[in-house]
């Protein structure tokens, strides 16, 4: 071999090895920092939401509460509030409210909000983020006293029992998410009723019945592709098929419902069902795949038919996996927004959905609506709604994990 | 040993034991591997042959629970000493694996990669050619150096792995059943190659094939598990002696096929 | 004497079994109908749009104003903003996702893995509308405080970066799968040549997993192109032909969401145009997904 060809020996090799290690350490730090960025992003996101959902509020009463009642505000009873509202509101306005939900049936808190909103006319002057409120509390109070001498300053949690139980309102201070939560529940329920049986059936067909041929391959490839189709395209499909073509069905007109068009919670639920169907199928297939063949052979061995084998052995042993997959698919449906915009979720609606043929709104729709408003108090209630949505999602995911751990079978 | 010259040892072990957690996989090995010879490690499966071999270039480090007691001495330095860098150890002690594992790169790059990371200075084309010639592969691949190594046959891939190992000029080459995944003709070529290589390299080979050990090796270490399921070297001697006049009854049973 | 009686082994019809099998088959092929319905419905409305005598090829690809209602049919403003936001997202998510995958697959101890993986899983589960809120109320102010006035309230950069964070977990988990599918013997081969962990990971394992990582990249693009809520909230509302990422510009998906969210009469050119855009989206993502699946399958064959 050529004498010029050589490897560094001893000292010079050790020196070059040290350089190699230095490069390696730098890169290891870079690789790890990617995860750090992910962690910081997650924390920043959670912080932004929490920061927006709590903080000081400066507000004024346009009319002095004393002109309506001599009782101190915090001591007003339900009856008193009812009398005040009945006498001071115009009869048209009162009737309209009564029509939405009978006044007698409303809670004290609800009536109190109405009192503040309609009569006293609470007017929010300015709001602050949680960080500002904590760090500069005294300055905020001083500044408010100067700018709005009549205003009160109060630390508010924008997520509150009242926020959960109130319907929509055009004023952020009185708006709530009850209508939206109910809408979301209807939506997810309909999606599940549609997608779970069909999805499980499709998975059973593909894993247990389907012959290995080009047609089965196409079905499988198609399902994988559908899982990657943008959700907005499902929205367009829902608009074309469920809202328009199937309008007689989805508006309920063939069942005698007359006051609606196709933009119902039923249409939206079916759209969501179609959207999560591929996910449910793929998850259910995985669950069914995990059932060992020996179990099937044992069933066939005692003379069971194919369906008996599936029904008595395969499904009971994969049901936990199927349900876990379905719950995860549901949490996807719960957070989806774009398809709902397309199939026509109502932007402003204060009536709870009463059945599948109701107009509806949903939590993510409200978050979208409120986030895109210019006024900061709407951003605050958007943050509140996000917190509620995240809690719902966490609950669903925790359920899925518990279910998986509880029923996990080891073969 | 009965050599009249003073034997020169490439590597030796002193009370070497290899542990996985609390389990002792290999216990109390004391062998001296002679330079420029082929030493075979034989024994029934599960006796810790590969574990012992992998201890020589610290490949067991990648098994999280493993640790070693005793010493392995290379030029008087303990490989498991405090400040020893496993990367430097592997630079000096190369390895050829059971299944050919060429890198998913071209034939040329398979050779040049190791040279590059180890700071080779000089003519790379020369090095690649030399290494391939030494591995008796040059004539078969000289026209397709830029092709993927995966286009070669299994036997050719294994010789490529040998070529890439000798390209970085190690002192010792470890071979872990290098022919077990190959057909008889490829096996023969690898065995011939080993005879060539021992002119320049010390070779330690693990094999489950006793005929192979008898054919290629100068020395043989016989391993067997004891009643605690720990492997150990029960006899280490000239290959000829091991196969004709073993001292240990168990070795005799094993090499004559009466084992088990 | 126990003489076994004659026993009929011929096939008997089992109506129950066949009915169930047909139902299961129907459930299985329903997905095919979904795809057909998407193609048919989007195609039908898109056909009406492209069949309109005012919509010419020259106008569609040759002009840069999109206002179907008043006869401007230049698709470019929607396409460029979609490309710009997607590119920014990939610039963020590919290096981060790949680095995270290398760390998790090659470096992290089992304990570190089980502590770090949930971070990515939570990021992957956050609804996109929440990311939209984050883009508008965190990322945009952040960009404004770094780059100053030239960052508009709605801008493509903020939407793109947050979209990148959203896609990061996808890229990282697909790449990690690809990296861990690389056989162990390849790593051992590299270590036996005296390579360091870094050299092994980046020069041997990474190239060996490249096609799987490519597939992740393609799926990532497809996700970015189809993502709606982040861009609808943070990127801007109104088609704007610009290459400046700090300016507001509406993407294809953002445009569909904004127009269909308002009062839209069926059978108008606006309505048809949305389906034309959706059809383009569908075809682009379909091709990307198919390519990615093909790449992944080829990769699998090589190592299994």
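Order of writing sets the chain letters: A, B and C. Residues in each chain are counted from 1.
The rule we apply is simple: contacts are C-beta pairs under 8 Å (C-beta built on N, C-alpha and C of every residue); 3 or more make two chains touch, one makes a residue touch a chain.
From a predicted model like this one, the values you see are computed outputs, not experimental measurements.
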### Query
Which chains touch each other through the most C-beta pairs?
A-C
## Note on the structure
Closest to the centroid of all CA atoms, by its own CA mean, is chain C
### Task
Taking each chain's centre as the mean of its C-alpha atoms, give the chain farthest from subunit A.
B
### Task
Can you check how far apart subunit A and subunit C are, centre to centre, with Cα atoms defining each centre and the answer in Å?
20
### Message
Quick check: how many Å separate the C-alpha centres of subunit A and subunit B?
### Response
60
#### Entry: Distance between chain centroids, defined by C-alpha means - subunit B, subunit C (Å)
49
### Query
Tell me, which residues of subunit B touch at least two other chains?
87-88, 91, 117-118, 168
### Query
Counting only residues that touch at least 2 other chains, which ones in subunit C make the list?
196, 199
### Message
Two-or-more-chain contact residues of subunit A, please, as numbers and ranges.
### Response
20
### Query
If you look only at subunit B, which of its residues touch subunit A in the complex?
85, 87-88, 91, 115, 117-123, 126-127, 130, 168-169
### Message
Under the definition above, what is the set of subunit A residues touching subunit B in their complex?
### Response
1-2, 4-8, 12-14, 16-17, 20
#### Entry: Complex interface listing, subunit B residues touching subunit C
57, 59, 62, 87-88, 90-91, 94-95, 97, 99, 101-105, 113-114, 117-118, 161, 164-165, 168
### subunit C contact footprint on subunit A (complex, rising order)
20-21, 23-24, 27-28, 30-35, 37-39, 41-42, 44-45, 48-49, 52, 197-202, 204-206, 209-210, 218-219, 221-226, 228-233, 235-237, 239-241, 244, 274, 277-278, 281, 305-307, 331, 334-338, 341-342, 344, 347, 364, 367-368, 371-372, 379, 382-383, 386, 389-390, 393, 397
### Task
Using the touch definition up top, name the residues of subunit C that touch subunit A in the complex.
14, 16-17, 20-21, 23-32, 34-35, 37-38, 41-42, 45, 95-100, 102-104, 107, 116, 119-120, 122-123, 125-134, 136-138, 165, 168-169, 172, 196-199, 202, 219, 222-223, 225-229, 232-233, 253, 256-257, 260-261, 266, 274-275, 278, 281-282, 285-286, 289-290, 293
